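Labels run A, B, C, D, E, F and G following the written order; every chain starts at residue 1.
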Amino acid sequence: MAKKESTFNNMLITLLVVTLTASGSLGFVYQLTKDAIAQAEANKKNLAIKRVVPEFNNKPSEEFFKLPSETPGDTICFYVAKLDSDTVGYAVETYSKNAFGGLLKLLVGFLPDGTINNIAVLEHKETPGLGTKMTEEKFSSQFPGKNPAKFILKVRKDDGEVDAITASTITSRAYCDAVQRGYNSLKQHQNTEKGGEQ
Amino acid sequence: MELILLIIGTVFVNNIVLSQFLGICPFIGVSGRVNTSVGMSAAVAFVMVLATIVTYIIQLLLDKLGIAFMQTVTYILVIAALVQMVEIILKKVSPALYSALGIFLPLITTNCAILGVAILVYQKEFTLLPAVVYAFSNALGFGLALITFSGIREQLELANIPNGVKGVPIAFIVAGILAMAFMGFANIV
Amino acid sequence: MNQWNNFLKGFIKENPVFVFVLGMCPTLGTTGSAINGLGMGLATTFVLVLSNVFISLLAKYIPDKVRIPSYIVIIASFVTIVDLLMKAYTNTPGPNGEPSLYDNLGLFIPLIVVNCIVLGRAEAFASKNSVTSSLVDGLGIGLGFAFALTLLGAIREILGSMSVFGWKIAEGFAQLFNPATEYKQGDGMIAFVLAPGAFLALGYLIAFMNIIKKRYAK
Amino acid sequence: MLKTFKTGGVHPPENKLSSKAGIASLPLPKTVVIPLSQHLGVPSKAIVCKGDIVKTGQLIAQSEGFVSANIHSPVSGVVTKIDKTPDTGGYKKDAIFIDVQGDEWIETIDRSTELNKTINLTQGEIVKKIAEFGIVGLGGATFPAHVKASVPKGKTAEYLIINGVECEPYLTSDHALMLEKAEEICVGIEIMKKAIGVSKAIIGIENNKPDAIDTMKRASTGYQGTSVQALKVKYPQGGEKQLIKAILNREVPSGGLPIDIGAVVFNVGSIFAVYEAIQKNKPLFERVVTVTGKEIAKPSNFKVRIGTPISYLIDLAGGMPENTGKIIYGGPMMGKAAINTEIPVVKGCSGILLVSSGESCRKAIEPCMRCSKCVSACPMGLEPYLLAVLGEKSMFDRLEAEKVMDCIECGSCSYTCPSGRPLLDYIRYGKTNVGKIIRARK
Amino acid sequence: MVPIDCIGQKGIIEQIVDGTARVNVTNYSACSACKSKESCLMGESKSDIIEASIGDGQFSVGETVEVFMHKSMGNKAVVLAYILPFLVLFLSLVVFTSAGFSDLYSGILSLSLLVPYYIILYLSRKKLEKKFSFSLKKES
Amino acid sequence: MSMIIVYTIATLSGIGVVSAIVLYFVAQKFKVYEDPRIDEVENSLPAANCGGCGYAGCRNFAEACVKSETFDGLYCPVGGNDVMSKAATILGRNAVEKEPQVAVLLCNGHCDASPKTNIYNGATTCAIESALYGGDTGCTFGCLGHGDCVTACTFNAIHIDTDTGLPVVIDDKCTACGACVKACPKGILELRKRAKANRKIYVACKNEEKGAIAKKSCAVACIGCGKCFKVCPYEAITMGNNLAYIDADKCRLCRKCVSECPTQSIIEVGFPPRKIKEEAPGAVTGENAPADSSNSVSN
Amino acid sequence: MDKLITVSPSPHVHSGQSVSKLMYWVIIAMLPAFAVSVYFFGIGAIYLTLLSVASCVFFEYIIQKYLLKTPVRTSDGSAIVTGMLLAFNLPSGLPPFIVIVGALVAIGIGKMTFGGLGNNPFNPALVGRVFLLLSFPTRMTKYPVAEGFGTPMIIPSEALDASTGATPLGIIKEGIKSGDGIGQILQSEGLSYTDLFTGNIGGSLGEIAASALLIGFAILLIKKVITWHIPVSVMGTVLIFTGILWLFGFEGHQIVLDRTGISLPLLQYTDKNTLELVPFHMADPLFHLLTGGLILGAVFMATDYVTSPMTSKGQLIFGVGIGIITVLIRVFGAYPEGVSFAILIMNGFTPLINRYVKPRRFGKI
């Protein structure tokens, strides 16, 4: 069959048809996947939250608030986990910028008294096989159950109580830094709240 | 100050070619002539900044309409058209200039890098000025890698490279060692 | 038979990575592990097959001069669709909170649109051939691409972290034979997971393929 | 104070074995072979035929253009044939063969040895006579002397520089000449000054010839404007560009000539030949040749008629040593290795060097390791390693850009290269081809 | 061979009009080294007409020739075509954003500054034409 | 919700159409019209990029073929008539037929025949040696044996035989591209007609010296005696410069001259072994055979 | 004449210098440093060096003979130099397979891929070293505590933390991170300049003894193996650059840095309340000069003929580049020492330097 000739009209029409169908179907697919995407995003958060705080039955991914961090300009996000309206824990989305690959984002689960429940790594650019060992048992199991009020969140080299990952002191340090930051914000938040109550 | 650190970080630490793997094709394909590489880098700098501004504005529009998912389609169309438009305009505005470029430079086809940077700008949630600085630094990083590389290649032309690795493989291996050397800048900013 | 050859050519003879050295950015950027390479390869295959089919269907109706823009629109649409689908269904983090496949491939999914293979195939093959041939061609080339990426990913993963598809080799074998042993697996050569390793592994892989091809030709 | 040039240079062992030997005259050979191409430029044209009887000093071949030179018979006798004879490289070139019979000189030549200081000729006449008497540069390049003596319009010469450097290891012919003919050389300098219209002449002599420096200093005191400059020993100080740089601290521009910076350089031998030509009416048909080598019995300097086969000289110097592995026509740095000893002495032959077989082989070639020693050695500021690869790969356009044509072929680069690379071989090849391209462009 | 310090490209003479030849050259993209440029649209090639003065050489229509220019001209061209407009964009953006315009407006304003830049280029095109002249050489 | 689809369609169509129009103009203004036949012709070429045709590469040659009206002066020696006729059908023209050719070495000065008189110890390329030295045998016309021709040949058709020190052309690989002929500074390689079954008869000598001198430096030198000239029934042999030369076009491979030559400088290749009256020595085949065969003849 | 006369183009004499002679002089120049490392690290140092040299030579031999099928040139000694320098850049106590991998990368990737001696754009030993550093960062940054002949030959991985010390630069970097002042750190570690000079410190085999390395430098200079340009410019630049930073950073004054930027003005009394501060202490220039393999790099590695510029001007630029990058990495980067990276990076620029920095041509108009 002969090809369509390249007159201006033909072209315009073709293009219009192509773009219209394309955009139409795109919009359609978007509508289809929209919820699934949102779901996946929320899922990600929830899964993480679930891992760091004790059992809850509210929807912490919707029940959150933001507070300014110690460093001006940055904010820290708090997710509150409640079991039947009792606050059972806070999942604090904290960070440190001093990691080997720059930014390290953690989700630290605190019990209401400030004890660390569990920690999940949200985002990092550490070296595979090295800094990434922070997700492994050996390192991460040091934190749950400790309360930063008593536990010095510093690596041993810096006179703290954390055993650093071998050859990844930088990552370990950043990790501690992030947890400490989360803890400080939590304390600040609790103080102001208390202050507000009084 | 932050912008300067952004530049250093983008050029040296997260070099677009050596660590982010964008624009590899022109990097490998462009001739071993150092002169041409310099010209290419300048061209890329302009186009990249131009594209970044335009896509930034478009993204504002897309966001406003709530159709951010249309990003890919719109960006690529706009970028493809922009690159061509620059040439048309140049040709219309000054044919002589255009011809001189034609002899001097290969055509600019770094869509991969340009599109990549445009999307990264969006992902990193830059505001316009840092976005443009970022784009520019990426072009700078591209130029740095390209020019160093073309120098090495020019020299390798005179060396007796074993047959098996001649051509593309040796280019990758050199890039690999360069990338290794650039790892030294890790965490410098 | 013919279609079979048409399909096979993408693996060795016209392999986009080893022979044509196309689509290098995703090849380097997504092959930190075999699974990522495979994911990227399959995503590209998806786009390639669908755009090939559509373009071969529509080629007759598209005037020559708007060929390219139309193709770009078609391809970009499929890319967006893949992007959306992956964002929806491959975005679940691993059991220990490892980044999802979508997170790992990240930027390179939208970049499929500028992958020369896709547009190149559309222009060189699909626009001139029947729907079936185009489909087979897209499938062949796409899977060839996926094959190359997976191979490269596997090599890098083996050398770099001593595992394939996430399965720790030394530890795995030790446990396979004597489940009781508690084997502490050492690390691989991390350099291979990092950027330099990508370049080096690909360089030597292409060199190797070149030599094989030369031998084969003789 | 000792002067020298700044860029590059090397210092090979001097081995001036014959420096104390004086100049010996030697009996005439039985036959002589006189190649028609003994100078830079167009070969001359024979004007004698087979059977002609010629006298010593008689014109036997005529210059074929401006850059060409007359050739005179060095002996008296019969022309036996005009045929081809191998040159140092074995290629056959036209030559006149003469059977020696007696030694009858043409009458015009003044054979007395007394010094004649009065210069009667005018500038033009001097230049004409230089041309007529077949004088070419005896420093090695055998460039017809009258060409250099005729300063082109628009240029003025300021300095006459006399090249008594003899930087080549082993060779001592200029040294011996300066010791024995200092006075004549000084007169020759006066003649040359007049010919090119300058008042200042500087004789450059390397410091390893203190006696020659003394002698020349003493001889030149009587001459206004002539002085001696002692130079630090460094190869290739004898190259005219380096010599001018050392003495005047001026650089001959790339692609230019010494005259561009007001200098004209002549070798002492050439100057002596000029003296003999102008004052004694003697054409250039004999010259001083050093015959030397570590194994040779009597390293000597001979006054030799052109056309004498070198085997004859070697015999007189004690015969060919058993283990001779290489016969070098000239010095070890720039001389050509000859294929055998049947080659005749020509005007440009300043020495015969016999190298034992142990030293005659070059070291094995290894890959260039870019040690840059050749770069530091090159007196012209070139990058020999690069020129050599470019030559090897026939990349002539880049060779031109890298200034290959500036290379003076001094060999310092090959000499230094630890990898034993034949740098100069490739550079010469490159030069030849780039030269062709440049000429084609014109 | 093109003289050193020059850069050249092959082309075919299409037309000769009093002393200037219109030469058709093909300009390949950076990917032209790539093995499969025919199957890849990104590796495009474009044809271009370049006007070059004939000089005193003898050329005829249809002949393959080399068009060349001095390398420094290439650099100047790059400055005019890419570096200056880049600076216009970049500097104006810095000015506008620091002057407190919103991102949208400063972006649009900077982009629109390119218009006068190109107008200036257009107005000086005669001058540029004189500056960027090409020579011809028979194909070697 | 449906607004999103509306927006989607609106923006994409807008941007799409605008950029499409831009691209359209680009396509119209810039796109090279590449004659598709160039590709076709190129595909039919051997893709050796050897330059034997006089163009930089196969594609350039293809362009030239398509652009010029006839095949005058255009010939791909590598592909030969096959390729040219293919190209001709693509372009709808008449092919030019050329006799297939092959490179031949006009020197047989192997180590035994032409003993060394010097040891050459410089850079080992023929071009460099020949610039200064005639050669390390007495013959200044013969092969230097450093293999510039070998390097020049992109088809691996030449190699140096370590026994004779001479290059050997493998007829089946030689495409007659002529690269070696250009590379040899001694001018002793020649392209000549390729006869049936690769048979050939040629004078393997270029020594222009007079007979005695030539003979002195090389046992198998042509001494210009003219015997072959006299015996040739087809006037294929010409004399000049103390040399005989056999014109391949006229030679009918009768082999009369071969046995006539007193120095065995005429070489025959590819013939079945002669029936020799006396005791027949081993069959003579291959390139280096002539040396042997000459021995056997004289025995 | 029965013997054949040789003919060859001029020149007919040669300086007598050769590749292997040069290489053996380099090896000799390395011996003092080697002796010191044996003194401090015992058998382990010998074992490591021998293993590295043997593997380098072995790989070169195998590759030349069987893979590339080119003439075998292992006897020129360059592989031995590479092997020794690789060993010099490794901490003692490394398991054998790591050393072998390093040698394979150095020779296989760094050298033979490019065609062998003279063709490689990057310093092979450093390619090997940096590859190992990237691949096995744990092992490569753990230095055994020097105990003379009692030092273990191979440190088992379990013992890594226990039996290892750190390099002075590592100590400083660590110390600074934890906020101590320089003087304090040095004192607590008991480091003195004499130690730095004699090699009584932690570090890789060859880098520890400044004095021995300087003896090597003298040997190389006297034997005219290298010129002064590169070593002096590298060391000079480091001295000057660190000197400047040191003047800004000494007692009381601290350059204020945080992850996002250097806050202006540069000089400021620390004020812990306003910003998250990483105090910036500088060790003094001499300290920087004597530690971290700077002298080893400057004398033996940066001077590698193949990968350094050809002209003295180029070499000065090269040296200054190395100096600056080294200090940048040391002071601001993640790695405590940066010489290896700096040399590799400048290797990358060497072709450009060679291209634009030409010797002064005689008679240039």
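As a convention for this text, contacts are C-beta pairs under 8 Å (C-beta built on N, C-alpha and C of every residue); 3 or more make two chains touch, one makes a residue touch a chain.
Note that this is a predicted model, so its numbers are computed, not measured.
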Distance-maximising chain from subunit F - centres being C-alpha averages
A
Quick one: point me to the chain whose Cα centre is farthest from that of subunit C.
D
Between subunit A and subunit D, tell me the centre distance in angstrom, where each centre is the average of that chain's C-alpha atoms.
86
Quick one: subunit C and subunit G, Cα centre-to-centre, how many Å?
40
Taking each chain's centre as the mean of its CA atoms, how far is subunit B from subunit G in angstrom?
33
Roughly how far is subunit D from subunit G, centre to centre by C-alpha average, rounded to an integer in Å?
51
Counting only residues that touch at least two other chains, what does the list for subunit F look like?
4, 8, 11-12, 16, 19-20, 23-24, 30, 117-118, 121-123, 128, 132-133
Name the residues of subunit B that each touch 2 or more other chains.
25, 28, 67, 69-70, 73, 77, 80, 111, 160, 165, 170, 173, 177, 180, 183, 186-187
If you look at subunit C, which of its residues touch at least two other chains?
21-22, 65-66, 68-70, 73, 76-77, 80, 84, 114, 116, 187-188, 190-191, 194, 196, 200
Hey, which residues of subunit C end up touching subunit G in the complex?
186-192, 194, 196, 200
Subunit G-facing residues of subunit A, complex
70-71, 97-98, 100, 102, 127, 130, 157-159, 166-167, 169-170, 173
Within their complex, subunit G touches subunit A through residues 137-138, 141-142, 160-161, 174, 177-178, 259-260, 275-276, 278, 334
Seen from subunit B, its contact residues with subunit G in the complex are 1-2, 4-5, 34, 147-148, 151-152, 154-156, 159-162, 165, 170, 173-174, 177-178, 180-189
Tell me, which parts of subunit G touch subunit B in their complex?
67-68, 109-110, 112-116, 118-119, 121-122, 127, 130-131, 134, 259-264, 325, 328-329, 332-335, 338, 340-342, 344-345, 347-349, 351-352, 354-355
